[in-house]
Each structure stands twice: as structure tokens, then as C-alpha cells.
């Protein structure tokens, strides 16, 4: 244990560490500055997809930080190398353990690499992956950050991302099911609903296809279900569905066609009084 | 750390990288051009299945890109080789980790290879796999892209694809269950429904077999369930089912046979007024 | 990188590949022809089970294709051998990865081998395995193809098949549960139902045992449940069950015994008018 | 590739294979004959449990077949040995893959061995294992065959069998729950039910213990639940339960005690007419 | 293949096997006899826990059998050793497979060893483990046998036993929830129920603590739930709960406090007649 | 096999074993005595947390037993060493199997070590872990014993304990939801409930914070849900919640505010008579 | 066994251990003191995020303890080294077992390292991870402590933390769904609700965006569902939602718009009297 507690060794190590930390801080500041300038110029000059530039910018910062930290730790271990070595007696066993432990890290980086290479995800995309949905904030070397619609920030290790459902690649479907009563005429209802669809399609530029009345989708509990289907611009599907629902409901009301909603009994409990 | 920060080494490396990148861009452009021309000629001359040509075209582009990137990285590592080698001290352990990490990649490629070899999937097929359903857009070496019916683009690592359910290989079943009331005559109802089926089969060329009334499928909640079964052209099953539902409902109405839908109580809450 | 881009090497390789491809196509055509003829003769001469012949025929084609492709790739790698070898530097690590990746393939072949050896599956059998049910179309060395009843073609890697439920090996059970009201006489109901069973058993040659009325299976929600059980020829169980349901329902009606189906309240919403 | 396609080698190999196949067929016929005779004599002479003899007989045939096939393949590989060896270049990697693949097979045999050694299963036993229930048809070295009650034949690789639930080892429980109304006297109901139990126990020799009325098992939805418990001969529990249900229902009716079944509203939809 | 089929070798082997089998049968008979006598004396002389003696007795027989079989097989392999060795060419691979296969066996024995060492289970204990509940019949070196309450005999490989829930180690809880109507006085109901509890505690020696009325456990669907809690002798909890339910129900009836059970509508379907 | 059955070896071994067993019993008695005295003195002299002393005492006994048994077995194997060695021929394979088997044991000890080091669990704590909840009775080197509230004793191998939910570390939340009718005034109800809370807080010293009325938590089925939240002393939360429920219910009754509990229809089935 | 029980060795070992323990206690006290002072000064001087300082402080104490214990055990093993070594005969196998066992520990530390490096979690953050939600109390090298809202303290091994859902990083969504009756005018209801939203937004500074009425979100069971969406300061979302619910309910009441809550039948059971 003698040389482990040797003071001169400690001092020498400490001074080295201080120099290392200062060097680390300087390199980090300079590096980040260079990355920032590169990407701000790139945004101005070239006509790249904005989300892709954002993705690459955040990734560059992320990769730069990791490489810096990796070099930092490598040098640090070099400084301490001589002192630690004799302590780790069972290095073979520990090495094996670290190998298995590091496996997850390699998995993260490999998966992250392919996600970026295959352009599966860009920053600002709305995706679902690893049981989480939301808008991508950053695709890092090891972790992807997704902002859920409720404001939660999800950190997902890349290895957890297997299937990626990207909801920001092309037009989206708007679909609603309207139930009419068993006693209403199906042809009449279809005609009324198709009129509503055509009018909305004319008014809303976000609608790309349809919407069209498909026909009798089901013979449900107490109603005959009519399905309406269309395509809208990305992220506009919910708004269009809301407008479609309102318009259909009002049109059916106006034409005297019942929506046979599963009414539960309402009996005013004060009627006896 | 001396030679790591040596400027001449850096300059030499940088110039090599620039040459490499330029070479990479040229080869990529030329290669893609060749692939495009090959496949456009193939489409004209030979009478191959269009989906298969599309599948092979997309795969060729995909494989070409990967091989190019692989060569690019191999050369890049060669350039940096001398500098990186001493840093990665615990190479054995890290090698092990990479081996395990790369295992997933190998799994992707092997599975992808067999999916293509066994013609399980073609571009434009409607399939279900890995918990996702939709129309195949691309079968890559590592990832398969499926466009969901709601517009979402699903990226599925090939290793996740085990069972493939291909819904585009042959005629599909059209099946509907119609419930009649307990008080109605079963034979009469079967006769009416079979008439509807025969008429529709005569009208619709998309119907390939039947549809036929099978009989009493179940004695359900408040109804006797009659099953109708037929075969239609691929992807036409939903349309035929919708038409069958409408026709059956109208025929039963006309013949005075009740569909004993589970009515929930409706009591107008304004009747007391 | 010099010799990698050497043109004479490329030409030599290309010419070898062309010869190889032509040889491959000739051998494949000849081989398939031989297999076809062998099996068509086998079907005529010997009195083997037709499904088994079909299974073996499809398997032979499948195995022949795989062996051909394996030889083709082996030769191809031989042609490229010298060029690829120096690129794959970390061959040990990659070898390990391939070993693990190939493990799945070995699993497929081993499982497939035992499925065939133990005659668990024949082509045309109706089976359930790996969460999928349907009629077997082909048992390959690596993949089994099952045609679902809705027309979907399921490709199942053999390794996914653990428990095999074969529904085509012997007579099948026909079982229906009939509920009678709490106020009806149990002995009377049993007598009526047994009469129905006996009559149907006499009429239908597909019925092999029973059907017999077992007795009071349960005291359910609002009804006393009577169970009827029989055995039918394979694949005839659903048809017999449908006929049994219809016959029982009509017999109980005729004898004034209620099927106390869980009626939901029906109140005509127009009665106030 | 020269010697691979050498004709004389092919002929020599083919003649050897034909001899081998003939030898194989002869040995198999002789071996099966010996096994059959041994077990038919064993059944006559010794007083072993019939199911056990059946288990051992089927196992012997199964083991004999596997050993024969193993020897057959070993010799076959010997014949082809020289030709295949040079092709399998990466034998180390493939060996590893086979080792892992074979692991499942070893698991099957080891598990099967202990299932037989510990007499967990005999042919004709009714067991549940690996999510499947039914009567055992054969316990093989690698696979166990169970005949489900619906006629399906289940093939279960032995490795899938972990917990074995053997329902054919001793007397079985017969248990029914009878609900009486909240307004009925509990002591009276218990007395009536106990009388029914005693009478049935006297009539039915299959009843081994009880049945006894345990008391108020629960205060359920709209009823006070009385539990009755007994023991019967193996496989007779369902029949006894059916008889017990019928007897209890009729006794409670006769004594004017209500079974407060959760009646759903019944309102005749024709009462308005 | 010559020496494999050599007749003299076969005869020599056969004679050795016969001697071995006879020796095996003798040793087994003698060994079992010794174990039986040892344990019957142990039961008389010492004052050990009966369940523990039973556990150790069954274990001894089990361990003795396994050691005997192990020695038997070892010798048997010794006899066949020379003949088998050349056949198993790829012994390394197969050895690996056996090693992995045997892993499960080692797991069984290790787990079984600790279950016994830590006295987690004794024969006659009522336990739940590996998703199965019942009374332990035997704890073996490899398998534990549990008799389910329905008569089924469960064989559980020890490795499947992770959490052991032992229900036979100390007093058990008796707990019932009684719902009173919203309109009843809570204090009054608590007083009545506490009286019932005190009376039952005085009558039943199996009750060890309480039972006490805890208070308002919940404001449930249409009732205010009062909880009663006590402790009873092991295995007596169900009997006490039944008695408590009956006593509480009768006491509340007598004191005019409603149990507001979720009555479903009862409308006699014959009232219109 | 000669020397294996040599009598003098057997006798020598037997005498050694007897000496070993006697030594074992003496050491165990002495060791336990020392541990007992150490901890009883520790409890008197120092002011350590009682649960912690208990934890350490039980652990010491547990560790002492295991070390003793380990030494015992090591010596025992030493005695038998020569005889066993030649039998275990395939020691490499078996060693591998044992290594994997022992892995679970190491996992137990490592996890147990950290649970104790990080003071996650003390004896007498109420915790939930590995799907089991209850009061900790002993934290051993290999197994943790938890007494469930129903009296069951759970044995949990430490490796199964991943997340530990310790319910005995600080004040606990008391929370109740009270539903008021849609027609009641929300402000009025909140005022009444807050009065109840303030009064209870004044009466009960176990209440540490609040309880406070938070406001309208939900617009539920037929009621407006008001949430009340407070903090109580550990393990007092259930008692306080019961008192809060009773007090709120009575206060709302007194102030004429309805708890609009989901009444199910009650129609006296005897009203027609 | 001689030298193992040698007394002088024991005394020498014991004296060493005592010195070691004393040294350990001193170093621990000094180290903790230094850490405390460093962080209290840091809090005063620099303007770091308070939660981050807290995180680093707790981590420093945690890491310091572990390093100390690691050195302590290393030295301890050094003291005992000679005596233990010969006992652990099968060190290779045990080493393998420890390697696998330690793998979990390495996983914990690696995951913990990245959680801190990527600032996924700070002390005082409200997060969800590993199926547990609550406020972070400490992020240790091996374990993260989360205080659940019910007062439970959750200990989570870092390896169990994969996806981290951090609910304390930015504004949160406040969202409520209000159902209006089918007979009410949708435009009118939207206008009333938007007025409520605007007024609340003016009153509450915690509201950052909206709230806005989105439109018809669904045509639900018996109601037309209107969705309201806004953004609030972190952790204020629940309070704002409660206020929004109360305000909307009161505004709709005032404007005579029904909330068509699914009323269940209420029939006073005393009405007959």
C-alpha cells in the first residue's frame, strides 16, 4: 500500500489533472463555436431540408462532446494507470464484465448510426418508437430525445428503438365513422354525408384526397355504421376530422336522420316530487 | 500524446479525407445512374412481375449505398488507423462488445436475404409483420419500410420480421354475420339471404366464390347468428363486404325479418314535460 | 487500393460470374425437371398418402434450390476471395457475429427436419402453430407456408414453430351449449334434445359418435346450460354444429321450452307518438 | 471444382447410398418386429401398469428409429465426407452455430429423459403442460403427443414442458357454488343442500368423499353463495358435478328457495301491440 | 464399420449389461430398505417436526435413486465407450450442447438444495410457487411435487421455483368486507358487527386475534363498505371467514340494516299474463 | 470399479465424516452463542436503529451458517476427492454447467450485499418487491423473507429483487375522492369538506400535513369528483383515510349534499303481489 | 487444515483488520466533511442550477462511499488472500460465475454514468422510469431513489432505467374534454367554453398558452365531446385543469347547456311506500 499513498505521486497526478481539465474546457468552447458557425452558414447557403440540418447540427455537438469526453477519460486513465493496475487483480473477470456491460453502449451507437444513415428520423418529426410518441428534439449518438404532446421530455436509449413509426412522411388519413339508425334509409344518408364531404373538400386546402363515403362499415350496436375516408396534409388530419365530425352531425340533424347514439336511461330523480 | 496533435499528420489526413469524399460522391452518382438505366430497360423488355422489378430496383440502390459506405469507412479507418490504434487499449474487450453489437446487424441482413430469396414480400404487397400492417414501400438490406393505412411510414429492422402475413397472395375471404330475431323462421331468413348473395355474385365480377349462407353460426345475445361466406379478388374483400351488408340489411327489412340489434333503452328525457 | 480497382481483375471476375450464372440457370432447369418427373411417377405407381407426396415434392424443390444457391455463393466467394479478404480486417469479430446470426438459420433447418421426420405436418393439413392457423401449403427447409382461412399467406420461419396443433389427425369434437330457462323442467328438455341428437346422427354420415346430451353443465346468467357432445369426421365439425344448433332451437320452440337468452330491454322509441 | 463433378465419384457414392438405404429398411423392419413381440409378451406375463407398458413400448419404437436414423446419417456423411469438407471453409463458425442449434435438441432429450424417469407422464394420462391440455398419446425422445379433447393432436417438443399438471393421479375434486337469495334462510338452505349431497353420495359409487356443504362462501352480486365440495374417482368429477347441479337446483325449487340468478330485464317487445 | 458389428463384442457387452442390471436391482432394494428403517426409527426416537422427517425421507429416496442411476449410466457408458467414441466425431460441438443442456439440470439441483437448506418448504405445507398452488407431496433433487386442491398432481422442476409463498408458517388473516346502504347509520352498523365479531371470537378457539371492525374501507358502488379483520390458526381462515359472513349477514338482517347488494332489475316475464 | 468398493477406504471415509459432523455441530453451537451475545449487548449499549440491529443480527446468523456449510462441504469433497474424480470424466463440460448454474447464486449474494449496503430494506419495514408486498422478516445472503398481510411467508431469492418499493421511509399520503351530484353547488361542497378536514387534522396527531380539498378532480360518471389530500405518519394512512371517509360522508349528509353513487335499479320483486 | 486454524495467523489477521477498520472510519469522516464544505461553498459562489448541485453533491457522497468500500474490501482480501486461495479450488468456474454476476453491477454504473452525463435526471425532477413515477431524491452510482407521490421510497437499480420520462423539462399541457348533449348547438357551446378559457388565461399567470377550444373531438356515448387544450408552467397543469373543469361546468350550467353525463337509472326504492 506504500506507493499508493505516496504524496509526490499524488501531487504530480493532481497537477496533471488540473492541466487536463483546463485543456478540456478550452477545446470544448472552441469546438462548439466552430460547429455553430459551420451550421449557421450551411443553413443560409444551401437549400437542405431544415429538419435535416437541425438533426445534423445537434448530432455534431453530441458526437463532439462524446469524443472529447472519451479522449479526456483515456488520458485520465493513463495518468492513474500505474496506480490502479495493481489494485484490479481479477482484471480478466472484470474485463469480461465490462465487455458485456459495454455491449449495450455499442448497441446504442450502432442503432443510432443506422437511424441517421437511413433518415428514419429528423428533428421536428412526429414519431412513435419504443412505446413513446411525440416530436423528436434530438437524435444523439446514444440517446434520442422526444417531446411528448403532454410536455414530458422522453430520453430513449437508441437500442430501445426498433420499429420506428414516422408520422411526418407524407399525407395522413382522416377517417370518421358515423352511425345512423336502423330505421333510416342508407342511400339517403350516404347522399347527405357525401354532400358534406364534397363541400368541406372544396373549402379546406389541407384536404388532399376525398373525403369519400365508403359505405356500410358495420352493423353495430343499435346503429348502421357509415365510414368516411380522406387524405390531408401532414399533421392536419385531426383538425379536418374535427371539422368533418361537426359538419356531418349538423347535416344529419338538418335532414332528420338520427344518430342512434347508445342512450343510457335518463330518468330525472326529482320527477316524483 | 505528442504525435496525436502533430499538425503535419492532421493536414495529411485531412487532404486524404477530402479526396476520399470527392471520390465517394462521384462513384455514388455514377452507380445510381447505372442502376436506374438497367432497371428501366428491364421493365420495358422483359415480362417480369412489376412489383418484383420494383423490389429488386430499390434493393439494388440500397445494397449499392451500403457497399459504398462500407468501403468508404474501411478506407477512412485505414487513414486514421495509426492514430486510433494506441488509444483503443482494451481492444479485446471492445472487440467482443462490437461483435455482440454487430450481431443484430448480421441478423438484419440474413433475415432480409431470406425474405427476398423466398419472395415473402414484394413492393406494393399489403402485409402484416412485426405488429405493423400496411403496404410495403421498400425491402432494404437492413430495414423494411411499410406505409400504414393511416399514412404513417413504418421502418422495421428486418430482424424484427419473423412471421410474415402476406395479404396480397390470392383471393381473399369476404365474411359477414347477420343476426336475426329468435322469433323469426330460420329457413325463411336463409332463403332471403341466399337470394341476396346470388344476385350480388351475378352483379360483381370481383366476387370469385359464393357468397353462400352457411347456417346458424351461433345462438348469441338476443339473436340467432347467420354466417355468409365468399371469396373475392385481392383487396376487394372490404368493398364486397360493405355491399353485402347493405344488401342483406335491406332484403331482411323488405321481408319483415328483424335484425334483433341489442337496443339500449331509449327514453326521451323531455317526455315528462 | 491499387489492385482493388485493377481492370483486368474486374474483367476476369466478370467473365467468371457470367459463366457461373449460365451454369446455375441450366442446372436449376434440369434439376427441377427431374424432381417433377420423379414425383409424378411416384404419385401414379405407389399408394402413398397424397398429402405426404405433396409435402416431399415441395420440400425436394425447396432443398434443391437451397443447395444450388449455397454452391453458387460458395463459388462466387471463391472468385472474389482474394479481393475481399484484405478488406475484412476484423474477421474474428465478424466471424463471431455471423456465427450468432447463422444460429437462427440452423435452428430453422433443425426444427424443419424434425417436423418432417416426425410427420407433424403434411401439406393440406389444417394446423395451428406460432400463433397462426390455416392450411399448410408448403413445409420448406427454412420456412413453412400456411394459408389462413381469410386468404392471407403466412410465412413462418421454422424456428418459430414449437407446439404444433394438428387439427387434421382423426375425428373432431362437435359441442354445443344450449341454455334453457330456470322455470323449465330439466328432464323434459334433456329428452327433447336427445331426440334431436339421435335423429341427426341417423341422418348425417359425417357424425361418428353421439351426439349425446351430457346434462347440466352450468347454472349460468338467467339460464340452465345443457351441453351436447359428439364426434364427427375431420373438418365436418363446424357444419354439424350448425345443423345441431338449428335443430335444437327448432325442437325447443316446438316443445314450448324457452331459450332464456339475455334479452336487453327493448322499448320502442316511437311509442310515445 | 473438378473433382466435385467427377462422374466416377458420383457413381461410387450413389451405389453406396443405395446399399445403405436397403440395409436401413431391413434393419428397421426387423427391429420393429422384435420390439413388438417383446412388449406383447411383457403385457401378458407381467402385471405392470398398462399405461406404463404402452409408454415404454412407444418410447422404444421412437428411440429405435432415432438411433437408426442417427447411424444412417453418420454413415451417409462418411460417404460424402471428402467432398463436403473443403466446401465448408468456415467450419469453426458453422460448428458454433450448430452447437447452439443442437442445444434445443439436447434440451428435448434431457427433459424427456427425466419426465420418463420420474414417471411424470404415462400414455393415457390426462395432463396439462406447455399451455395444452389433453390425453397423452406418446412420450417420445424429442416430442410428446397430446390428443386435445376437441380432437386436435398436439406435438410438444419436450423442452417446452416445464410444469406438468397430471390430472390422472388420484381422486379429483367436485365443487359447485349455489347462490341463494338474500331473503332466504341460510340454515334452511344448507340443510336442504346437505340432504341432496348425502342422497347422491349414497347413489353414486364414483363419489369418494363428501360432498359436503361448506357454508357461506361469498356475499355476491344479489345472492348468498353456498359452496359444496366432494371427492370423486378420477375423470368422474365432471359427471358428478353435473348430477349435483341438477339435484341441487331441483331440491331448492321443491323447497321454495330462490336461486337469485342475475336476471336481466325481459320486456316483451310485442306487448304494445 | 467392421468392428461395430462384430458379434463377440456385442455378446461381451450384453453379458456385462446383464450383470450390471442385476447388481443395480439388488443395490436398489437394499438401499431403499436401509433408508426406510433409518427414518422409521428416527420418527420414533427423536422429537423432530413430522413434516421435516417426511421431507428428508422422500428426499433421501430420491437422491439415492439418482446417485444409483448416475453410477449405472457411468458404468454403462464405460462398457460402450470404445464403440461410441469414433462415432461422435464432432464431440467438441456436442459437448458444448450438452453443457448448455445440462445447465438446466444443475439449476434444478442448486435451487432444490437451497430450498431444503433454508427450510422454505416441508412436505404437507400449503405453498404457492411457479404459478401453482397446493400441498407439497415431495421435494426432490430435481422436481417438487405439489397436489393441487382439485386433485391434480403438479410436477415442478426446481429451477421454476423462484418466489415461494408458504401459507403454512404462522397464523393467517381472516378478512371480510360487508357493504351497508348509504342511508344506514355507520356507527350503528359498526356496533352491530363488532358484537358479532366478539361473540364469534369467544366461541371459536381457532381465532387468534380480533376479529375487529376497522371502519369505512370504501364508498363503493351503491354501498358503504365496512371491513372486518382477524387472525386465525393456519388453514382455519376460510372456515372462520364463512362463519363470520353468515353471522354478520344474519345480525344486520336482525337489526334492520340493509346490505345494498347491486340488485339487478327483476321483472317477472309472466306478469303481463 | 475395484477401489471404489474397497471396504477400508469406506471405513476411513466414514470415520472422517463422523468427526467432521461432530466438529460442525460444536462450531455451530458456539458460533451462534457468540453472535447472540454480541447483538444483545449491542442493543443495550449503543443507540442504533432497532430495525437495523435486527437486520444485522439475522444476517450474521445467516452468513455464519453459510460459511460453516461451505467449509463443511469443501472438507467433505476433500475426503471423497480421490474417489469422485475419476467418475466425473467430462469435468470440463460439467464445470461449465456448474459455472452457469452458480451464476444465479452469485447474483443473489451480490444483490443482497447491495440491498444491505444501501440500506434499502430493514427488518420490520413494509416493502413491495418482486411482485410481493409485506413486512420484512429477514434479509439473508441469498433469500429475503417477507410476511404478507394475509399471513403468508414469502421466500424471495435476492436476484428477483430489482425495484424495491419501501413504504416505511417517511410520511405517507392519505387521499380520498368524494363524488358530489351534478346539481350541487361545488363551492358549497368544497367548504363543507374543508371544514371536515380541518376538524380531523386538529383531532388526529397522526396527520402531518393537510388534509386539503384540492378541487374538481374529474367530471365522472354521474358525479363531480372532489379530491382530498393529506400526509400522515407512516402506516397510519389507512386509518386516517377510513376516518376521513366516514367524516366526509356524514358531513355531506348533514348539509344535504348528495353523493351521486351509481345506483343500480332497485325494483322490489314482490311489489306486484 | 492445519495452517487454517493456526492461532498466530488468526491474531495477526485480526490486528490488521482492526487497524483497517479504524483507518476506514477516519477516512470516511474526513472525506464526507470535505465534500460537504466543497458543495456548500459551491452553492453560495456560483450560479449553478440548484437541482444540479444537489444531484452532484449526493452523487459525490455516493461515489466516495463506494470507492472507500472497494479499497477496504481489496485490502481485506489481501490480508486473507493466502488463507482463502487454496480453499477456492475451482476458481476458474467461480471466476466465470462472478464475471456474469458482476455484469449487472457494471450495467448499473454505465447506465448511471450516462444518465448523469446526458443530464436526463436531476434531483427534485418529477420523472417516470422503470414503471415507477415520482420525485427523484438521489441519483447514485448504482441505484436511483425516487419518492412516489404516495410517500413510498423507490430504490431502482440504474440498469432497470431505460426510457426516462422527465416531466420537469418545460411547460406542460393542460387538457380537458367536456361532453355536451346531442341536442345542444355546437357553435354556441364552443363560444361559451372559449369565453371561460380566455377569462381563466387572463386570471392565471401559470397559464402559458391558450387554453383554446379545439372543436368536436368525438361523437361519444350520448354526448358530443369538445376538447380544450392549453400549456401551463411545469407542475401547475393539474391545478389549472381543476380550475378549468370547475369554470366550464359552471359556465355551461349558467348558459343552459347540458353535460349529458351517462346517468344511470335512479329509482328511489322507497317510492312505493
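Each chain carries a letter (A, B, C, D, E, F and G) given by its place in the written order, and its residues are counted from 1.
Criterion: contacts are C-beta pairs under 8 Å (C-beta built on N, C-alpha and C of every residue); 3 or more make two chains touch, one makes a residue touch a chain.
By chain, with names taken from UniProt: A, B, C, D, E, F, G = Mechanosensitive ion channel family protein.
Just so it is clear, the model here is predicted, and its values are computed rather than measured.
K.L.:
How many degrees of rotation bring the Cα atoms of chain F onto the matching Cα atoms of chain G, given to the nearest 5?
P.N.:
To bring chain F onto chain G, one rotates by 50 degrees.
K.L.:
Chain D to chain G: how many Å between their CA centres?
P.N.:
Distance between chain centres, rounded to whole Å: 48 Å.
K.L.:
Using the average of all C-alpha atoms in each chain as its centre, how far is it in Å between chain C and chain D?
P.N.:
Computed from C-alpha means, the inter-chain centre distance equals 21 Å.
K.L.:
Where does chain G touch two or more other chains at once, residue-wise?
P.N.:
As it turns out, chain G has residues touching two or more other chains at 96, 98, 100, 102, 105, 262-267.
K.L.:
What's the contact topology between the chains, one of line, ring, star, complete, other?
P.N.:
Here the contact pattern is a ring, one closed loop where every chain has two partners.
K.L.:
Touching residues of chain E toward chain F in the complex: what are they?
P.N.:
The contact residues of chain E facing chain F are 71, 74-75, 95-96, 98-100, 102-103, 105-107, 109-111, 114, 117-118, 120, 128, 162-167, 169-173, 175, 182, 186, 214-222, 224, 231, 234, 237, 262-268, 271.
K.L.:
Write out the stretch or stretches of chain G touching chain F in their complex.
P.N.:
1, 69, 87, 89-90, 92-94, 96-98, 100-102, 104-105, 130-132, 140, 142-143, 147-157, 160, 178, 239, 242-243, 245-246, 249-250, 259, 261-267, 269, 272
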